[in-house]
Amino acid sequence: MPLVVRNTPRTDLGLVDGLARAGVATVHEAQGRTGLLRADIRPIFRPARIAGNALTCEVAPGDNWSIHVAVEQARPGDVLVVTPTSPCEDGYVGDLLAGSLLAHGVRGVVIDAGVRDVAALTEMGFPVWSRAISAKGTVKETPGNIGTPIVCGGAYVRPGDVVVADDDGVVVVPREEAATVLKAARDREDSEAAKRIKLNAGELGLDLYNMRGRLADKGLRYVDYTEAS
Amino acid sequence: MPLVVRNTPRTDLGLVDGLARAGVATVHEAQGRTGLLRADIRPIFRPARIAGNALTCEVAPGDNWSIHVAVEQARPGDVLVVTPTSPCEDGYVGDLLAGSLLAHGVRGVVIDAGVRDVAALTEMGFPVWSRAISAKGTVKETPGNIGTPIVCGGAYVRPGDVVVADDDGVVVVPREEAATVLKAARDREDSEAAKRIKLNAGELGLDLYNMRGRLADKGLRYVDYTEAS
Amino acid sequence: MPLVVRNTPRTDLGLVDGLARAGVATVHEAQGRTGLLRADIRPIFRPARIAGNALTCEVAPGDNWSIHVAVEQARPGDVLVVTPTSPCEDGYVGDLLAGSLLAHGVRGVVIDAGVRDVAALTEMGFPVWSRAISAKGTVKETPGNIGTPIVCGGAYVRPGDVVVADDDGVVVVPREEAATVLKAARDREDSEAAKRIKLNAGELGLDLYNMRGRLADKGLRYVDYTEAS
Amino acid sequence: MPLVVRNTPRTDLGLVDGLARAGVATVHEAQGRTGLLRADIRPIFRPARIAGNALTCEVAPGDNWSIHVAVEQARPGDVLVVTPTSPCEDGYVGDLLAGSLLAHGVRGVVIDAGVRDVAALTEMGFPVWSRAISAKGTVKETPGNIGTPIVCGGAYVRPGDVVVADDDGVVVVPREEAATVLKAARDREDSEAAKRIKLNAGELGLDLYNMRGRLADKGLRYVDYTEAS
Amino acid sequence: MPLVVRNTPRTDLGLVDGLARAGVATVHEAQGRTGLLRADIRPIFRPARIAGNALTCEVAPGDNWSIHVAVEQARPGDVLVVTPTSPCEDGYVGDLLAGSLLAHGVRGVVIDAGVRDVAALTEMGFPVWSRAISAKGTVKETPGNIGTPIVCGGAYVRPGDVVVADDDGVVVVPREEAATVLKAARDREDSEAAKRIKLNAGELGLDLYNMRGRLADKGLRYVDYTEAS
Amino acid sequence: MPLVVRNTPRTDLGLVDGLARAGVATVHEAQGRTGLLRADIRPIFRPARIAGNALTCEVAPGDNWSIHVAVEQARPGDVLVVTPTSPCEDGYVGDLLAGSLLAHGVRGVVIDAGVRDVAALTEMGFPVWSRAISAKGTVKETPGNIGTPIVCGGAYVRPGDVVVADDDGVVVVPREEAATVLKAARDREDSEAAKRIKLNAGELGLDLYNMRGRLADKGLRYVDYTEAS
């Protein structure tokens, strides 16, 4: 039987916004290369960058009824995360639902299915990461779960986990780890900033990362083209 | 034997232009969620929105000869709709053919195959919806049919049916139904406009669409997170 | 054992730059419709157009160590061409590596795998053609070959072959044929310019290319719609 | 509104069975290389070969209600042809429905979606050509059309058209052309039988089909390996 | 840091074996249509049917080191469930590993990646459900987690959950629900057995499931072909 | 202009047959994990295992003329390796061509495109590895090259290289390395045979391959489930 879980936990929006600033690639590295959604979940316009508390929503194939149910559970700072119970590319979200979500403070949508009205959504600046763009409408016959853990884009997402999405894709941070991951992300950014200056100045990664010895151990050989031919 | 059917019917351009204004998602809904092409037929640039009379064209794999034949049959307001007889991603249309089609009043191309010279086409503002972008050239050895019914992107298209294409994809309206569908599309737009105002103001779809009773009938239950865990 | 071949041949940058101006579709035609990479290798931003000497690089799945090794072998005017030893969509190149490549004169990257930090790369104007965008990081455990012939995107690429990449895709020109292909590309451009004027003025390809006789020989028949139905 | 069209035309089963004997590849050639479904519609077991009158059925995504409606319209010698209104891989047909279809004389199923209970169907010898095998169940909320023209696997199918399916795939023959196509298929088989004997005996297609002159006209050149290198 | 969790819970093998007998489609229905893996995870030979306790294993792309680590944690009645940290088709398991797994009582493998030596595995009767068959070997450089929850084929799997796999695909049953689901599966089988007899005898699902009224409510209309045309 | 290169080199059939016995996975490992074709090139029946000298053949999309040309160049022990100049799934080879190839001593076909008449080919025992099964016929208008180096399934193949194909896929061995690779393959088989006995007896790979120390260095930690939760 379909279930709506109310008052699910949220992560502090200060942490959430910090993770947004770090961006998907950095956050993903900072939490040990975990939590990434499949690479075919892509933004409908670029550039786009948000983070928010996951408001999870399960939908039947070709049926967006649950999303209407989900709007009532939304809180400012949420990102709606939608997964179908079997693969479907239909356009579950259009400009009407986007307006409704915006009115309830939702920052964007991540959906392992399709979206429509993308010209209007682009004009509104309402970001969506989806697997497809499709004008195909949906019915309202089979409600699904709201506020329960789901798998979206191959990643496990619980309500209140932090969803970070930008031009590189989407990553999920478990809510208990948000603070730790943010700290690690900032450390990584600091470390990268120093390296960036050196690399941009022409220093080789081989030297900066001290790789030559290990490469030799792995048997890497250098030959001149004239010898190799 | 390949066939060119001349003087195929066209739909009145007043209706056609009305359908363009309504857009793909609305037209698709207005005709009972039918006529949509597969979602992998995508515009080469965005935003783009056109409608026109289908000028149908069947091509052999890797062979664009038919398209040259089709140009002669074009009339102002047409959209060229091309389908290969077996799956092919080659670049059937480039900037030369686009210029030729433009000179004959063709508004754009929908092709279940590839297109090339997309930088030039983008600069010209000549819209193409295709399954692939590919520089691969084609031969001129095997002519196909022009002006006969075809299946393109999984949809059945007859000459003179109305093809509406925008950022959401492509939909086909049978020419006999163009007026009825346009009327239904406008009714839908009016109805949506009223709803949009309410939804943007924060009214819930659950209330606006009167969904709560039916959801309860379907067994939807609400629990608090603290009880659910 | 992994190998780095140093001082591989390069093609004269005058020829390379000429091929860039001609563009992928024209170069591909000019060399007899060969050398094209698969159409799913796409630019991360558009418009983009470069050509350069191929600096080839083979990587293990999920491992970008070789790319660090490759930077040292780069020369101004190179394009880094990367292929994984088995299909992988991970983000092998990000903004740090891009900065390092730029510092060594590399004009862009062609990779049959994934790329990340695409917002930053877009801002830097550093073009990449890739099969995927993915934030997924890579390890540094298994070096591969640099400067050896590889297959990338289904095309055979040797170091110093000319890689031309634009919005239509990527094509490879064997270094021995660069001059001949450039000559043929220019001839083709001249011939197309003349045709473009005529086609834009409404002349039919059927007449311009003298196709009517051959079409009749192939059995092409014309009928009027009223007879066909 | 969903529609059931009763008493649709059927093709004579003598013709149907003749087309089954000819097989998909021969029938496809005999009708001018048209009518083939996409190659990803595959049999669940091999070998399998059937032909029958198309009993067309349109289903909503994730909803197999229409199939129950279709059974009542079935006649001995039919093949059920099912298409979803948007792409879906769910298992629309299982062993219960297969038993029901068998009891009404249906010879098999062609479905541009999924099937389940394939071990049981294989044991029953009930052939299905589908795009996927999936245990995913379906709901019964949204009826679709029965007995109307549909597009299935990219091919246009009307009720009573002949569907021929074997290990090579599925082809549709318009009912008006069944007799002509059967005649052409038999002629082709006779012609092929003679050629098969010669080819199996080592005669070259180059000579049997008299190709050498035309190949020379196309510029085909022969060189010895020692000269080519 | 990679982690091996030892002595993870297991589900009673009596329940496990009962679920194997019910099969994937029935179990999936019995637990409310949840827990199915993606349909592209297919058995390397058919027929095959097993169930077992999930022994979870996370692997780096192109690296099967973890699987060697997992063998030590195996107990009789386990099914090894492997997921790569990013999409990979390499052949992670071959006949040597299969022999090792068999020696430790493992009943089969479910892997969201590739497998090799399938001729030998088929001869051994060792069943594998995989996304690809690939001879591509893997390295041993990056260990992953064993015995932790993972997402495999789009489904969430914890150690000791019951994995049921047959010709229809793979489904996961949470270990806490195994008894309840087995009970529901048996009830379903009983109910289906009675229906199967009636359907095989020609009774219509329309009558057996009492569908006619609800279909009429949905607006389903019947017309004769002669009226419809 | 299309070219036929005659009298291309062949590898000694003693070596070729030895490589067939070793099989694809072993040969691929023995030559340093190179030369594998993409995993979507699959055998039309299983089990199947052959090796032969590559007779290379390039075809235009939807055009199998070159294959007729290739038959004349075949020698006993050859394997026909076919690649289209752009992606195509058409059925280039059927039972007539297979009979002709067999009559000239060809052992099988590897094709990065489609094949048809698979029921007949299976009955004949003529093995084909292909990317698709499709009844779609081809024309004879555009000849391609025979006996030149090609890329097939993402691998570089020269005439006379050894093609080994079995249930795991297809691998190419450069003709100069055939003897060395065969030697390495046999050494590998000997080494594996000893390991197989131990693994089948229950010895752990962790001990047999002496992995525990290196795993600890990589930071692998063991915890008990009761501590981990």
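As written, the chains take the letters A, B, C, D, E and F, and residue 1 is the first residue of each chain.
The rule we apply is simple: contacts are C-beta pairs under 8 Å (C-beta built on N, C-alpha and C of every residue); 3 or more make two chains touch, one makes a residue touch a chain.
No experiment lies behind these values; they were computed from the predicted model shown.
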(request) Show which chains lie in contact with subunit B and also with subunit C. (result) A, F
(request) Would you mind naming the chains that touch subunit D and likewise touch subunit E? (result) A, F
(message) Looking only at residue numbers at the subunit A/subunit B interface, is the share used by both copies over half or under half? Answer same or different.
(response) different
(request) Measure off the straight-line distance from the CA centroid of subunit B to the CA centroid of subunit F, and report it in whole Å. (result) 42
(request) Take the average of all CA coordinates in subunit D, do the same for subunit F, and state the distance between these two points in whole angstrom. (result) 30
(request) Could you check subunit C for residues that touch two or more other chains and list them? (result) 1, 33, 36, 39, 85-87, 89, 134, 136, 142
(message) What's the complete list of touching chain pairs for this entry?
(response) A-B, A-C, A-D, A-E, B-C, B-D, B-F, C-E, C-F, D-E, D-F, E-F
(request) Within their complex, state which residues of subunit E touch subunit C. (result) 60-63, 85-90, 134, 136, 139, 141-142
(request) Mind listing the subunit A positions that touch subunit B in their complex? (result) 1-9, 65, 68-69, 71-72, 89, 91, 94-97, 99-100, 102-104, 114, 116-119, 122, 132-137, 140, 142-143, 147-148, 159
(message) Quick check on the complex: what are the subunit F residues that touch subunit C?
(response) 32-34, 36, 38-39, 85-87, 149, 151, 154-156
(message) Could you list, by residue number, the parts of subunit A that touch subunit C in their complex?
(response) 23-25, 28-29, 33, 36, 39, 42, 46-47, 49, 166-169, 171, 192, 195-196, 199-202, 204-206, 209, 211, 215, 218-226, 228
